[in-house]
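Per-chain numbering from 1; labels A, B, C, D, E and F assigned in written order.
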Amino acid sequence: MLVCVPNVLNAAQLVSLRERLERSNAWVDGRVTAGYQGAPVKFNQQIDERSDTAIACQRIVGAALEVHPVFISAVLPNEIYPPMFNRYGEGMRFGAHVDGSVRINPHTGRKLRTDVSATLFLSNPEDYDGGELQIEDTYGQHSVKLAAGDMVVYPATSLHSVSPITRGVRTACFFWAQSLIRDDMQRSVLHEMDNAIQRLNETNADEMARRTLIGCYHNLVRQWSET
Amino acid sequence: MLVCVPNVLNAAQLVSLRERLERSNAWVDGRVTAGYQGAPVKFNQQIDERSDTAIACQRIVGAALEVHPVFISAVLPNEIYPPMFNRYGEGMRFGAHVDGSVRINPHTGRKLRTDVSATLFLSNPEDYDGGELQIEDTYGQHSVKLAAGDMVVYPATSLHSVSPITRGVRTACFFWAQSLIRDDMQRSVLHEMDNAIQRLNETNADEMARRTLIGCYHNLVRQWSET
Amino acid sequence: MLVCVPNVLNAAQLVSLRERLERSNAWVDGRVTAGYQGAPVKFNQQIDERSDTAIACQRIVGAALEVHPVFISAVLPNEIYPPMFNRYGEGMRFGAHVDGSVRINPHTGRKLRTDVSATLFLSNPEDYDGGELQIEDTYGQHSVKLAAGDMVVYPATSLHSVSPITRGVRTACFFWAQSLIRDDMQRSVLHEMDNAIQRLNETNADEMARRTLIGCYHNLVRQWSET
Amino acid sequence: MLVCVPNVLNAAQLVSLRERLERSNAWVDGRVTAGYQGAPVKFNQQIDERSDTAIACQRIVGAALEVHPVFISAVLPNEIYPPMFNRYGEGMRFGAHVDGSVRINPHTGRKLRTDVSATLFLSNPEDYDGGELQIEDTYGQHSVKLAAGDMVVYPATSLHSVSPITRGVRTACFFWAQSLIRDDMQRSVLHEMDNAIQRLNETNADEMARRTLIGCYHNLVRQWSET
Amino acid sequence: MLVCVPNVLNAAQLVSLRERLERSNAWVDGRVTAGYQGAPVKFNQQIDERSDTAIACQRIVGAALEVHPVFISAVLPNEIYPPMFNRYGEGMRFGAHVDGSVRINPHTGRKLRTDVSATLFLSNPEDYDGGELQIEDTYGQHSVKLAAGDMVVYPATSLHSVSPITRGVRTACFFWAQSLIRDDMQRSVLHEMDNAIQRLNETNADEMARRTLIGCYHNLVRQWSET
Amino acid sequence: MLVCVPNVLNAAQLVSLRERLERSNAWVDGRVTAGYQGAPVKFNQQIDERSDTAIACQRIVGAALEVHPVFISAVLPNEIYPPMFNRYGEGMRFGAHVDGSVRINPHTGRKLRTDVSATLFLSNPEDYDGGELQIEDTYGQHSVKLAAGDMVVYPATSLHSVSPITRGVRTACFFWAQSLIRDDMQRSVLHEMDNAIQRLNETNADEMARRTLIGCYHNLVRQWSET
């Protein structure tokens, strides 16, 4: 399930983030965190994830995620990997790869299973050409390029790539979440049920039906969730 | 989940069944089908399950079950063991036991997992004393004694018993079903969702919400069912 | 599986707890911790769960639970939500609801899946009328009202309510546990096996059989437990 | 996982199928087989699935599927629902729906879980406008319109539709398969491993590695398959 | 779990089987049933599995298996692949391989998942040298060579081989079973529990404990079995 | 799956460990940590696991494990129980037992599920007779006695024992790991896939096949791992 999460950051937060990133001297070659499969196809830059810049920016994004209802409903996050920040200049790209399955949180040392991948766009799409996030399946591709401040979340099992930049610079934030619900199909059912219940609430549907569905939702979470 | 399924048989079907059973000479000691655990505590009579009486009565009950919406929604039957028929005279009883987990269909030779147990009451409750179906858990008991033609279905994992008859005769039909959905908790969620969707249909709730919930229902069945 | 856990608190502990609770000024409206489904039907009072009273009382109950063999065998707790304390005066009640599936520990910030619900009775049953804990299933209800110091644990998937108080005050402690064993059916099998092994030990049954069964018990825990 | 299965039928088979379908008098309103959710949005025609035309055409398609290596590797079919045949004239369409989860084989009476949906295109794409099979997810759509004789298979959990026909007639064959492997993610892993092993065979890669991977493939099938 | 099943065939049955096999003209090259992985390493002969000899011998072995308590307890067979018969003359052998995961029953056309592999020895071990069945794991090997009439069953996931024959002829019967219980670990727990319960019965252990354990056994089968 | 992990400790580390253990006064009776099943059959000595000696030695072993590629690939450790140290003098032994399923880390208080058991040999095998680690299954035994510095890891579900010492002293380190992958069969598939991919890398096999297999490996870890 691909979900677009709109307005994760507002204009002020975007300005604050971009300024910190632009003036930072913590940019390093993106290959420092690439695994065996990713390294040969990764051409970009990242902020050192233990730098002061990273930590300050992680706080801003983390606080925004914590209260975003679409993000919470679609991802049901158990733990979030500290957000990372990258940029692609002209000619840079990231070839097709599947993200590594288990990562170690650099601040806590705890292992995190990457169930969901997220890309939060920080550059305005009119400021660069290329740089589409392309999420592939056997038959075709979804090509994603969102407004600054918007985010896409998608199953971390996906084969995906970032197409070459042909003009400008593409800055983005990316991270993974270990969801309470490991399985994408189950997470989708819960997200759809939650949406349907919201609609029923807004339209004052039969109360007993709504109460039953809320109970079903919680008991499905009980059956599936891993905390 | 215990569910009472009302009006499985109508008055005419009840008369027809009772007559066939009463005049039958296929009654045998109930211990012929009891396993290691049940035999020492089982004191009743059964119709030989390969007799003509059994086959005729199985057809009547089977046809009634096939079209009963509460039975179908609550049990989601994959296959039904050919219904059996027993009677308890004064002093007879069936001590606490758990039903065997796998039975062989006497007509087809196929194995059937007993997910759900069912008792369909054939005697009027005023015609006998005692003979409650008692379904136990650690803290207490549910005691079930229904009108003739009504049925109770309950998880075959339950410890249960039939209390001694102190007056009259208690005739009943009993059988097991292998459900499409093995797990009782999952079957309960589906039954509750189905009930809620019916209520939303009857009250003309938001159409998109209803369509989403029907899709969720089917995808949960897909994820859980074994055919 | 409903299990009654007797004598969780002794007389001295009860006195100590009741005194702390009675003289506390941390009582708040129960709705502060109710979710979307519970809020409209919840009418009671709770001790603020971060207050000094709460923390002191949590320690007393926590220490008692840690060494109670029935509690441990029936619940196989992985983590316990800090016990909470509520009271119902005349006319108060809590309508039918299913408890929320994931809660955040107010002291550690960690998420906890609510597998098992527990109510520890602090008031003597003769000191109030009404206030039964009613745990419902589709067919009927279990109504629970225990001596002060006794506790009931039941699957958190259950629909349950507290009936209106018609005389006196009902004070209780309640909490949830994330079990090592998420599934109620699996937890029941382990509790029953543990009970059977205890009986075999006490009656000096065949040693090789007992050793085999202990090995089976541990390998079932290995297959099912989530730490 | 969407997979395109090319050349399921050759030119001669296509001609034979089309002729039988065109001259058949077994065309009926498509709503006869639509469930509660599909009926209000389904506007097309179908061949009566018990008609002689249906049975003859089912044999042709069934025989072609049985030996098609891409179909077998991608679907790992346990049982195939007898292929059905539909046509959309101008203005006809099938609105968004999720296919029903369990269907009864009209010839054998056996239940079949619909894990995979398949559409085999029988009309040349230049002979009609519109009529795209649109497989939706939350973020976007895959739009599929293939050459006559080609087939698309996709998870039956998907929300999908057929867009309105604006010119000509679109004739197609469609069916479901219960796979040996219920879960789409698991089926994808096996299909990818099979493809990788084929490539390693063709390039004479290290023999011991290939043998190990074949053993892994079979042991994954053992762990996941339901026959 | 490797289990030795003693005395599957008695002396008379062995004589009857050997005579039929020796005078048969249905012996073919063993590679006819070998898959991609097995063919290059398989050097032996087999009885054509649709021949009259095969069918007659399958009946003898099938009838013996059906009533063998150790076989039933250890394998919990759902369906048995029609037993096959092979022989290794001097110099013949079968290199290391993992058996295919799904086979089609040549008589019924039904698919069967190979959970358990079985070898029933028909030759006296003193009549040939070599020909050990070697079941490997990463660290070492189990080498199995049993008396005529004895059988070994082992997980079909195992890498195994038959070492070269250096003298005489080794004739054996082999087959697979789809168990009610797919997972080897779960099957082992049930076999051990069954053995422990038998011992407790023989030694008249506490009756309530035994009844509880039988209930647990059946409820574990319910939770795990696929019919 | 039994795996031998060679050269966990080098000669210098062995000397350092042995010296610390020999001069320690923290040796206690091994029964202090034995459960109900183990206590009656356990005759050996252990270093008190909270002593300074234990903590110093745990650091040496822990650091060696953290970077050992065979250990990581075969065990996929999530968390390691602080290594323990025992010794068997003449006549000492540890009878057949299954290790307890859940242990509490003495330093952190966290619960750990014992998926994998490990024995790291510290004594040279020529310095003692007896003392084989015997890992049993129904049919036979694996007997393990390795060079000092080598380690064996095996499923903690196994019944195992240490045979009596008849000469000298056997000192060893032992511990458990909670794996990211609970199930032994799944862990084996991943270890075999990893080995096959390494071989393909070393032999420069088809790159696209390798990339696909790495993606499959990560997606299997995602489907199975518990962090």
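Some points to look at:
Heads up, the rule we're going with is that contacts are C-beta pairs under 8 Å (C-beta built on N, C-alpha and C of every residue); 3 or more make two chains touch, one makes a residue touch a chain.
All figures in this text were calculated on a predicted structure; none of them were measured in a lab.
Touching subunit D and subunit F together: A, E.
The angle needed to superpose subunit D on subunit E by their Cα atoms is 120 degrees, rounded to the nearest 5. One inter-chain figure worth recording: subunit A and subunit B are separated by 49 Å, centre to centre, where each centre is the mean of the chain's CA atoms. Inter-chain spacing, taken between the CA centroids of subunit B and subunit E, is 38 Å.
Chain geometry summary: the mean Cα position of subunit C and that of subunit D are 51 Å apart. The residues of subunit E that reach two or more other chains are 157, 183, 185, 215, 219, 223, 226, listed in rising order. Pairs of chains meeting the touch criterion are A-B, A-C, A-D, A-F, B-C, B-D, B-E, C-E, C-F, D-E, D-F, E-F.
Looking at the complex, you find that subunit E touches subunit B at residues 78, 180, 211, 214-215, 218-219, 221-223, 225-227. Subunit D meets subunit A in the complex at residues 1-4, 137-140, 142, 144, 152, 157, 183-185. Within the complex formed with subunit D, the residues of subunit F that make contact are 185-186, 189, 192-193, 195-197, 199-200, 203, 205-206, 208-210, 212-213, 215-216, 219-220, 223.
By the touch rule above, subunit F contacts subunit C in their complex via residues 36-37, 96-102, 110-115, 156-157, 159, 178, 182-183, 226.
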